[in-house]
Structures are given as C-alpha cells and as structure tokens.
Amino acid sequence: MREKETTLYFGPQHPGITGNMMVKLKVAGDTIVKAETHVGYLHRAFEKLMERRTWMQSFPIVCRICVPEPDPNEENLARAVEEIEGREVPERAKYIRVMVLELSRLAAYFLWMGGQSGTAGLYTVPQWSVGDRDYILDLFEELTGGRIYHMYIWAGGVRRDLPEGFADKVLKTMDYIESRLPEYDKLMFDNAIFQKRAQGIGVIDKDKALEWGVVGPPLRGCGIKHDVRKDEPYEVYDKLDFVVPTYEGGDIWARAMVRRKEMEQSISIIRQVIEKMPGGEYYNKVPTPLNWFVPPGEAYVKTESARGEFGYYVVSDGSLKPRRVHVRGPAYVHGVSLLENILVGANISDVAMIMNSLGVCPPEIER
Amino acid sequence: MYNDKEASKIVDIIKNFARKHSLWIVAYGTGCGAIELPPTMTSRYDAERFGIRGSATPRQADVLLITGYLSVKTLKRVIRTYEQMQEPKYVIGFGSCTINGGMYWDSYNTIKALDRYLPVDVYINGCMPRPEAVISGFIKLQELIAQGKADGAKRYQENLEWYRENQRKVIKNWRMPEYNW
Amino acid sequence: MNSIEYILFITFIGAGLTFIVHHALPKLRDTLAILVSALDLYFVIQAISEKSKVVLSIADFHLIWKTTPYNNLFAVLIAVLGFLTILYAHDFMSSKDRLGYFYMNFLFALGGMYGIVYSQDFISLFFFWEIMTWASFLLVIYCCKDAQPIGLKYFVFSAIGAYSLLIAIVMLYSLSGNLELTNLISNFSNFSVSNQLIVVTLLLLGFGVKSAIMPLHVWAPGAYFISPSPFTALFSGALSKMGIFGIGLVLFKFAAQSGYFSYVQIILAWIGGITALLATFYAIFQTDAKKLLAYSSIGQLGYIIIGLAIGTPLSIASALFLTILHAAFKAMLFMATGAVYFRTGTTDMNSVSGLIRKMPFSFITALFGIITVSGVPPLGGFAAKWMLYESLIQSRHYFLVIVVFAASTAAFLYLYRFIFSLFLGQEEKEWEDVKEAPLLMVIPMLILSAFVLVVGVFPGLILDPISQSMNYLGNFNFNYETSVLFNEWGNQVDMQTVVNTIGAVFLIVGLIITFKGFKKTRYVSTKDIHTSGEIPQENENLTYAVDFYKPFERAIAPILKSSIDKIYTGIANNLEQAFDYLRYVYTGNGQTYAMYVVFFLSLLILFAELIFGINL
Amino acid sequence: MDKDFINENKTIEEIKNTFHSAEAKLQRKNRIIVKLRSDLIPPFLSYAKNYLSFDHLAHFSCVDWIEDNQFELVYILYSYEKNIIAIVKTRIDREKAEFVTVKHLWRQAETFEREFHEMYGINFTGNNRLTEFILEDWDDIPPMRRDFDTMQYSKENFYTRPGREDAQDVREVITKKSGEKIPDFAKEFSVRKLK
Amino acid sequence: MEINWSTILGIIFTPIIAFIVGVTYGGLTRVITARVQNRYGPPIFQNLLDIIKLYSKESNINHGVMQHLGPVFAITASVTTLFFVPVIKDSTVFTNFSFHGDLIFLLYIMVFGSLGMALGAGQTGNPNSAIGVSRGLSQLVGYEVPFVMALVAIMIQFQTTNLNDLLAVQDHFTKWIIFQSPFAFLAAILAFLGMMGYAPFDVVIAPAEIASGPPSEFGGKYLGLMLTSRSIFTFAKLVLFTDIFLGGASDFITLLIKTFILYMIPVLTGIVFPRYRTEQSIRFFWSWPLFFGIIAILVVVF
C-alpha cells in the first residue's frame, strides 16, 4: 500500500546536505511530517582500526574523524594518553596547542559561515569565507605541513616548534580576518532577508536542549552558558581571558550569532596566546612509538570544538595498542535524534539551514 | 562541396572543445576529500575559470568526483548516481583511498580499488590532494577529452558484465534497478 | 409544426419514451436518447433560419416561444452540448442501474432548457425553469444516499431562486397586467424606481442562484461533485448558463432602462470579481478533481457576470464568448475527469497519478481544457480573456481588472494541480492496468478540443452570432475580423499571426529536438528518477500531491483566514444549521411538500399585499 | 587536597549512602568512577539524573573484555550544576548480551544503543528502534567485537591492489627488535597469528 | 500580415541576435558575480560552451512525451514573445509582429513557456520537480499582480495597449515612462526581479532545498534547449522593459546599453541577498510592489 505522505530523499547526493548522509523526509505539502536520519555512508571503522594500530599510529587516524576541524580529535587523544600515563606536557606546547585549536576553530567557523549562507542561497559569502579560511590553512601548512590533516598535536607535546616569524604571520592573519568580519556582518548577519530566514526557525528551547543533550553553540544559543573551556579548563585556557557568548531564542539566528561572537573571542585568544607564549621545550620525550606501552587505565577527556563538546573515552589494557577509543562527536546527538525531532513540522526550505546550524557532520557520527 | 568526413571532424573538434571547457560536477561529497572542493571551487583557486561548476543532480552532470574512500553503502549510491548520468560522463578518483585503499587498507567497510567498480578516467593521489592537485587532475581530464581518450562511459558499457560482477561481489543485497542502455 | 414545437415535443416525448423503453427494450434506450438529442440539434439549427414562433393561449395568458438571435445562441449551445454529453453518457453510464430514470431526467433537463431559452413570456419561462430545476435535482440525487443532503441544499437554493423569480413575476404582472416579454420591456420604464429596483434585484437573485454567483454558490460544489459526470458536463456547461441567459436579459432589457443601472452594474461586477477570486482560491485547495472543477466553474461564471455587468460592447462580447467557451472547456474537463473516474473509480487527486501514457486522449483533452481556461494563447480562452481585460481597462475599472487578473493568474495553480495530479507525475502501480476510455467517450472530448482550437485561431466565427445577439440585447457594436480582435483604442491582436508563429516555432524546434540524437534518446520509467542516489522502497510514495500549494496557502492565509474566510465559514455553518432545521420540515412526504408550497405561496401573496400593496 | 574535591567527595558519599554495593571512587578533579552491578544500573541512573542533577549523558561507551567474556558498559554523566563527570561502569555477559534501555532518561541514548546493537550485538530491551544504523546488509558477526578480524574480512571481500604485500605487523617488528614478550590474548588477534 | 523580405530577415535574425546577446549576458553575469566574489570567473562565452556541450551529450533520457515537449513549449514562448516585441524602434526589420499583438497578449504568452515547462517537469514524476513547480506557480501569482498594476497604469495613462504606440509616446528621453510614471516603474521593476528568478526570488530552482527543482530530471539536449530558451527569454524580457519604460532603442548600441543596465538590477541584487522562503516571497510582492502599483494607478486616475 502506498504511503500517504511523499518521501523526499534529502541526500546523500544532494546539494543541500552537509557531508555524506541522508535524511529521509516524509512531507505533506512542504511541511515535514517525519524525518529519519540515515548515516553510515562514511563508516570506515576507525575505532576498529585503532585497535590494530599503535598509540602513535592512531594519531593520523583520529584527525580524519572530523574533516572540517581535525585538531580537537588529536588534542583529545593526546590528553587522554597523557592522563592515563601521567605524562607532563611542557608549558610552551600547551600554548601552541591552544593556538592550533583556536585557529582550527576559526577555520571551522569560516567554513560554517559559508555553509550556512550557502544553504540560505547567499552564494557570495561561501566564496569569500572559504577563501579567507585558506589563509588559516596556509598557516597550518607552514606549521604542520598539511592543509587539512595536521597530525600535529601528540602525546607529550606538539610535533614541531613554531617556525621562525610564524607568530608575526599569525598576528597579521588575525588582523586581516578581524578586518574582514565587518564585511561579513554587512553581507550576512545584518542582512534583513537572512534574518528573516533564520529567525524563529529550528527552535530548541532550554528544556529541550537539556533533554536531548545538546552541546556547543546550539546550547549556548538557548541561553545556557556552558563551555568546556570554562567548565573544565584544559591546557592553558584558565590563564586566558575570554568570555562565553550566549544568545536567547534557540533558533538558527541565535546559533549563528553565538558563532559570530565566538570568532572574535578566538581571535583575541590567539593574540593572547602569542603574547604570553613562554620559551622552552615543545615536547617531552616519549618512548619509541613502536615500543610505547601505555599503562592500563581509562580516561574520559573532552574538548570544546567548533560544534561543541568533543568527548573521547580511551581505555588502555597496558599493551601497545589502545583497547578502546570511543569517540563521541557533538554531531552524534545533533545529527541523529535531535535532528529527527526538530525537523518535524519544519519547512523543506529550512532543512539544509537547520542541519548546518546544528553543525551536523556525518563522519563523527559513524566514524 | 565540403567533405562529410572533414565536417564531422570539425563538429567533433567543437564538441570536444565544449565538453572540455564545461565540466559539471555532480554534487556528491562521497568522502572526506569533499572538504577540499570548496576551496577549489571558490575564490582562492576558482575552478570556474576552467568551466568547472557544480550541478545539483546526476542528470545534468558530466563528472562524478569520488572524493576519497568509498564505503560499501556509499558505493551502491554512487553506482546509481553514475548510471543516472548522461553520456559522455567521466569519473575522477580523488585521493589515495580510491587508488589502493589508502590508510583504510584493512577496514572492513571500504573498497580498496575504485576502478574495479566504476571506470575511472583520472586518478588524483594524495591524502588529501591539494586544490592545485585537483585542478591539475581536471586539466589532465580536459586533455584526455580533447584527445577523445576519456572513454570511461564506453568502457563501462562494453565491460558491464565484469563491472557488475565486481559490484555484486561487494554489495551483498543487490536491489538495484536494472540499467537499460 | 415548426421547429420549436418539434424541439419541445421531441424532447419531452423522448424523455418519457426512454423511461418506458428502459423497461421494455433496454438496448434501444441509449440509441433513443442519442437520437432525440441529435434531432434536437437538427431542429435547433433549423429554427435559426426558420425564425419560428409559437403562441399558446391559455385563458388570458399568452405563452409565446420565439427564436431571436440571443435565444439561438443559447439553444445551439444546449443542443451541441446535450448531444455530446449524451453520446458520452452511453459508455460512461453503461455499468450503472436506473438508467431510465437517468435518461428521462437528462432529457427533461434538456427540454426545460430549450423551453427557457425560446420562451418569450415569464409564465412559460418559469414553468420550464421549474422542470429544469426538478430534473437536475433528481439527477443530483441520482447516485447514492450521500447525495441527499447535497441534493437538499441544491433544492433549497433553487427554491429560493424560484420563489424570488415568482415574486418578481407576480410583481411584474400586478404592475403591468401582462407577462409577455416585449410588453414588459416597453412598460418597464413606467414603473416606479423602487419597483424597478425590487424587480431587477429579485430577478437577478433568481437567475443568480443558477449561475452560482457568490454568496449563492453554496449548492454548486457539492452538486457538481456528486452528479454523474456526463450530466455534470451539461450542468456546468449549459444548465448554469440559464442563469447567465436570464441575467443578460434582465440587465439589458430591463435594468438598462432604470436610472440606477450604473449602480447595479458596479455592484454586480464586483460580485462577479469577488466570485472569480474567491472561487479560484477555494479551487486551489481542493483535493478532488471534480470539486476543483466545480469551484473553477463558479469562478468562470464570475468572469461572465463581470463581462455582462460592465456593459460595454467588448465586455458583453467577451461574456457571451466565454459563455460558449466555458460550456466547451468545462465539458471537456468534466469529461476527462469522468474518463479517469470511469477507469480508476476515483477522482481524488491525492491518489490518482501518472495516467498520461495510459489515457493519452483524455490527457490531450484535459491539456486543451486547461490551456483554454487559463487563457493562454493560442486556444480560444485567450480571445475571451483579452476582450474582457481590454474592456475593463477601457471602461476604467482599474481595480476590478487587477482582481480579475489575480484570479486568472491564480487559476494557473489549480489548473496545473488538476492536470499534474491526474495525468502527470509518478506512474503508480495501482493504476498499471488502466486503459483509455471507450471510443464514444473520447469522440465528444476530441470534438470539443478541436472546437476550442478553431475558436482560438478564428474567434470571429463565434463572434458573428454573438454580435447578432448583442444587437438584439441593445445597440452594441464592436469591431472584429475573423481572426483579428480590436479594442476600443484600435489596438489589435491578430490571432492568425500568433498561431502561425507559435505553430511554426513549436514545429521546428520540436522536430529538431526529436531527431537530434534520436537513437540515443530513450524513455525511462518514472521510477527511474533522481532520488539522491537512494533506491526507494516499494511502499514509499514519490508522488507529490498532498497539500500541493502549501506555501501559497500560507502566503494568502492572512488574507483568507483573518477576514473573509471566518465570516464566510460562520455564515456557512449557520446555513448548515438552518438546513438541519429545514430537514425537520422536509419530511420526505410528497403531500407535505405540496402543502408547504401552497402555504408558502399564500404567505407570499399575503406578504406582497401587505408590504407592496400589490393587488393580485 | 580534600578541599579541592569537596563537591566530588560529597557526591561519592551520597552515592555510597544510597547504593551500598556501589564502588565509587575519585579519579581526578571533576571525575568520579562508579562501578555497579548491572541490575542496579537503571535505578542508579534515574537516581543520578533526578537527585544528583546529572542532566547530561555526555557519553555512553562499550568495551569488549573478551578475556573475561564480558562487555563493559560505561555511562558518562555530566552535571552542569556541580561540574562533575561520573563514569558509571557495569559489566554484562558477552554471550547473552542484553541490557535495558535508558532512552527514557536521556533521549540521545537511543542513538548509542542503536550503534551498540549493530556493532556489538547487544540487545537493549525497551528500545524499539534497533534497526540498521550504520552498516547495510551486514551478515558477519558484529564488527566491533574483538574476535572479528577486519583484516581478514577485508582480504576476503575486497580486491586489494598489488603493492601492499610487504605490510608488516608492527608487533612482529617490535618483537624482533626488543625481544619483548607478547601477551597471549594479543597473539590471537594479530595480523598474522604468531606461533 | 504581409510577408516581405524585411519580415523574413527579422524572423531569422531576431532569435539569433537574442540568443547571442542572452548567452553573452549570461556569461557576463557569471564574470561580474565572480568579480564581486573575489574571483576571476569563467570566460564570457562560458554559457555558450555549456549549451553546446549539453547539445552534444550522446545519450538523453525522458520520462514521456511531455518532458520531451516541455522545453519546446518554453522556447516557443520565448521566441514568440520576442517576435511580438519591437526590438529596434522604427526599424522595418526588427519590429517583427509587434503590431499584431499587445501588452495583454505578451503577458499571457510569457506564461505559456512556464506552463509548458511545468508540464514537462510534472511528467518526470520527481517530487522535487513538483515542489519546484508549485513554488514557481505560487510565486507567479505573487509578482504578476504588481506587474499588471504597473501595466494597467501605463495603459490607462497613454490610452493604448500596443508597444509601438508606447514607443511613439517616448520620443524624447524626458518623456520616458520611467520619468512619466515612476511608481509604475518601481512596481514593475520589483516584479521584474521575481520574473528573472535571481536571488532572493530563486525559490523555484533552490538547489540546497529541492535539488534544482523543475529541471532536476532534465539533462543533455533538453537542458540545453531550456538554457537556450532562458537566454532568449531574458533578452526578450529586457527588450520589453526597455520598450515600456526606457523609450526603446533606435540602434543596437543603445539597446545593449539599456538592456544591460536593466539586467544588472536583478543580477546585482542576486549577489547580495539570500533566498526568500516561498510565502515570504509572495508576501513581499504583495507589500511594496503592490503599494507602488496602487499609487501608480491612483496617480493616473487623479
């Protein structure tokens, strides 16, 4: 028997989808009656593969879990290993890590900005913002050798020291990016039509946010001030001065504004880091990777990524290889159960925008 | 009177010139390599200079870009997408994982060699390839088109049996609509 | 005997005969009905050249039937449509029972209409009006039990119309002592202004009910929906035109003599405009094809009334042109819908889809129908719409033209919905075995399709009789050629050039696109569509049909919901309640009805005496 | 020292007072570990959510202890109010892997449970959505179980392009280098079964 | 209608010129958009290459006869529109049939193509196409109303419905209707934005929402024909607006300048605005443009 509602396949081959996933929509008119998230198109079995690889070999793997923003993954694994081992990290390495994390957050926000306005139909912003993001990628390239995947942060510190004159380049790039932000404001955030499209759509209220385990900018967009960097300061975030912006409303607009304000905070954090960065070693010696036994133990570590709290649960059984590395990205909740819930009653026009504003990133759902 | 053969040659030259300079990529980010497509398409590298642009559905597209590893689940959709495209159509394998599995060589869910399942015209290696590499891959494809060597679709048609056999071996539950030529 | 006598005689005798034949020789029944309608058609055409006149004197009253150009126009319309619908009914009704009842009432309705259009006095007009109403009422309740409340609604509204007609007739008689049309017309200017207004209002009310102008349209969607398709085609195409016939007569023969004519015009035109707009909006949100067409009918009659009310030569021409055209295209659409119903058993647009390859002729008919309704060139609808707009602009009805244009643009929505849902879209499994309708159903559809095409190219062919009947209605002259239309400012549209251009470009490009890469162009089923690479499951519905125009609904919600709709539904609800009370009154016993009628009549007479001081 | 962990210790006390069999200890700042019998998990979790204000299910993990023939389920709860993370652990039988759902407490648990059902073959009673989630048409044993050999599966099912033959098991290399001993359980799941 | 050499020349050359200009404008749009977006952009003739490539596609699929004929309907409408618009003022060759039709005819023939395309898209059975059509038709009702208001105001003001008469009125640039009847121009130009389908009114083909909507099943020669039609139609609409409001053009250079300026209005608007939702778009057309339309009519009446 034919169903009454029309089935619309939103993805995997769809210009509006973020990444490779599928939302099966049942629509009546252009209103969504039921949404079903289908993931697994990107499943590479990272967690299985890590059981077969040494601790050091796992670092290139974890960074591929989240493509737009790989550094929180490396940071998480590094800190988990350090916590289990009780390994100390030099102060300089901590500062460098914070700088890399904030740079990657900025890069991710630029990409998000492109996606958010691209799905709204404003195609000039993606062109600008992805272009501007490349300046940050250039910094990464100089620092780590890779544009996208850095494999830079590892247990015991970072892979290499800052190149000569790098700090100046970072500052210059920050100046440039800061000078660009007002233009984005004019084009996107102050744009009347964008506001019309974004306000009152995809609303998550406070209770719902807590009930469904929302994290990151969507949580702060409901007015709940929660940020891992403040709650449980890792690295040197407790020594830095920044605020956690929150907005009321819980709609796409609030989430967009939270991100927009966080971009300013990130720039300021990066400046502070460069200013305060001490000298000294950039890493503590670790054993030969091929002979690196991590004592038995477990650790749950979390990092604030651009999309929210990124948690790793790492178990070691004392052998060469991890017993279990379980990754919980923010999209794990946002992309499956929450998305299915808030899409009901939404308009077809807004599906892509809602997905984008929640920061749904399929590779971290299925890994 | 002009020679018919000559005329068809001129038509071929025009056709190939147009095909070469107008490559529409179907919007399908199959793997993590899709993250380098926005920089390629946007202001820094601006692939539109070469007539490369995205298209929403496979019916309108010329190029299927396999951006990285293919899980079995995706492979099924990719085959479907590829078969819905109109000839002439080209496949570009993007990243090491399409060539030999890359770092997922021992994963139970990803295929290791794309050209067993789809006719690949150009491979771009790297993990992941930089935008420059992507563009150079496209230029290579353009050269092949100009020479008339980008005949992936034809190979697929001729060796359909072989491709099907490989595809069926991987995709356990083959519930695909049959491809009528 | 002259032609008119033949027509009336044959039709009514034929009606009775079919009923008898149905019980004696069921096979002959359809043939007889077709024969009767064919003879009617012959004699109607005969009557045009014959200029026949029939006078029947009963006591003091003279019942007169006569041919005038205006009458002939409508008579031909009825005859052609009657013939085609009966032809269509042969196969359509073949599986139904109580066919004797059906054909008898069908022919009675036809006969009633002939009587109305030829009548030259109000007695016979009212008499045949009632025959027509009763016959159509019986056909409305023909199908099933569900039809009874709808039939009741129709009956009540018809009764309102009939009573207001009756009061007007009584008033006219008391004022002039005569009921012959020619006499009344010449005497009308002697009446007092208030009497003139009352008479005109009552007459317009009476005729307006049949042509379903808002707010008297309540009966129409249900009645059109529930009546069997062949009759629906006649109902909407010809029967509702009796109202237009009357309104035309009243406006130009009576009201035009009154000093308040311009006010009547304005009010009527705006009623027509609002009817057109609202009916269109309601049609957009229907889910049943027949209901959609019913609302569409109401809307189209709105245009006709605007055309009549404006009263410039071009507008009257457009109204009469649209009258004829509406008969054709609405019959086409109802017939196509009927063909779909005949094969699938439903007209629900949410469930039927993708019939184009199974029912190509019905599709072509529907396509021609919607192109004509929408007024897109090169089919006939364009000429009608063009004349209407030009006349509206030139008579300086600026805002009315906007309303009309908005309605006519919004009509695209429901027209597309209609053809998309039934014929285009996914070819679903449920309708795999559907075949094209039988030949006898297809032929009338194709004849009408050819007609709208020809009229589109040569509107002048129809404008000839129209201009004659307009000369009968008053001194209306306008400029036209066989294929060229002119407005009052002298601007023209040359339909022949238009059609040549469209045809040539269409043909050339069509051939090129067909033969370019002909071998490598292949047909794929509608299941092989872009579904984002996924393979749809069996039970998943890929047809987009439910709430088709949700965004539009949301956009006009503030307009529709906040103001008119609320009041309107309020009234409608109250009316429904009123009908519930009425149900107690209408017990179903014939004698009680008769008693009611007598009671009501005496009340009316009392009323007339007391209020208007009319001495009967 | 104790002053720093005042919140944590208080919570541990509360837990111990309510659930006497619970093994609760402090891991580090902001972290407490609670070990429980599997049948006490549902009441404990609802207690933790309703009375100890652990509003947020930050993580839900599963570890395959094949040596003990057990699965370890790890609920990681976070309290916005107290800023404490509680790692709640329990073990269930590996052969008859079944547990109860907690999706009525935290809506996102449904997704985790769907994943574990698919990846470990654990059946969560009460969760009616244990359908295909990540894999499609999977016919082998659940892949995240430690006895599933991904290398072998990959070799059997996928064509491998020549050129990877010299890929070596790291452990083999290390054993050669340092003469270190390999635990028995590890041998079993090595690339090439070491004798 | 008399057939003579100038008519035949007009019939042959007008569509060709329209196609070339339309395609070039399309390419130019892409270049200008690219420059705004900090890019170099494709060559100017990129759209032509795209169209040739689409025609040269070897395999084509259709879902039935209406999908086959849909683009033909579209191109018929564009070419017919073009033929009934005087391209060059007072030219014997390029006035074509403009004396045989008037503004109301043009209004209707312009819809003909959309209707044909809608039927073609409907035949494919793709739900995205149907959604696109439903959006497009809804929006059509939105922008046609202010557009008609503007036209009605002009028709009443100048007592004609024929374009040639309107051209004759605007014999000096101070008499251009844009100056004589500015409110009508405002209403019409806002409707024009919707007609051209650039952002914020590109709800019909919104790729991120409904995967390019009605054309989503069209590929190869069908898509090529659609793009050809769009190029011609763009030019026809531009010429129509130039004739109505900007006094037409008596030579090609003027025509190109005027049409290009007109064309840049929707293009540049499109670069800096995101897309409206369908109902927002309709409501927009029924707010300011409708208001301007009413003012325009009231100005004429009083």
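Letters A, B, C, D and E mark the chains in the order given here, with residues in each chain numbered from 1 onward.
Keep this in mind: contacts are C-beta pairs under 8 Å (C-beta built on N, C-alpha and C of every residue); 3 or more make two chains touch, one makes a residue touch a chain.
Fair warning: this is a prediction, and the values are worked out from it, not measured in the lab.
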Shortest walk length in steps over touching chains, chain C through to chain E: 1
Most remote chain, CA-based centroid, reference being chain D: C
B-C or A-B, whichever has more C-beta pairs in contact: A-B
Chain with minimal offset from the mean of all protein Cα atoms: E
Distance from chain E to chain A - Cα centre to Cα centre, in angstrom: 44
Chain centre separation (chain A, chain C; CA means) in Å: 64
Approximate Å spacing (C-alpha centroids) for the pair chain C, chain D: 73
Separation of chain B from chain E, taking each centre as the mean of its C-alpha atoms, in whole Å: 35
Residues of chain B touching at least two other chains: 27-28, 42-43, 56-59, 73, 76-77, 81, 87, 106-110
Overlap residues in chain D, where contacts from two or more other chains coincide: 135-136, 143, 148, 150-151
Junction residues of chain A, two or more chains touched: 6-7, 12-15, 30, 40, 43, 45, 48-49, 52, 127-128, 131
Chains grouped in pairs wherever the two touch, ordered by label: A-B, A-C, A-D, A-E, B-C, B-D, B-E, C-E
Chain A residues within the chain C interface of the complex: 1-7, 9-14, 17, 22, 24, 27-31
Of chain E, residues touching chain B in the complex: 30, 34, 37-43, 46, 49-50, 52-53, 56-61, 207, 211-212, 215-220, 223
Parts of chain E lying in touch with chain C, wherever the complex brings them together: 1, 55, 57-66, 68-69, 71-73, 75-76, 79-80, 83-84, 97, 99-102, 104-105, 108-109, 111-112, 115, 118-119, 122-128, 130-131, 133-135, 137-138, 140-142, 144-145, 148-149, 152-153, 155-156, 159-162, 165, 211, 216-217, 220-222, 225, 277-279, 282-283, 286, 293, 297, 300-301
Contact set on chain C toward chain A in their complex: 350-351, 428-430, 530-534, 536, 539-551, 553
Interface residues, chain B side, partner chain E - complex: 14-15, 17-19, 21-22, 24, 27, 42-43, 46, 48-51, 53, 55-57, 59-62, 85-88
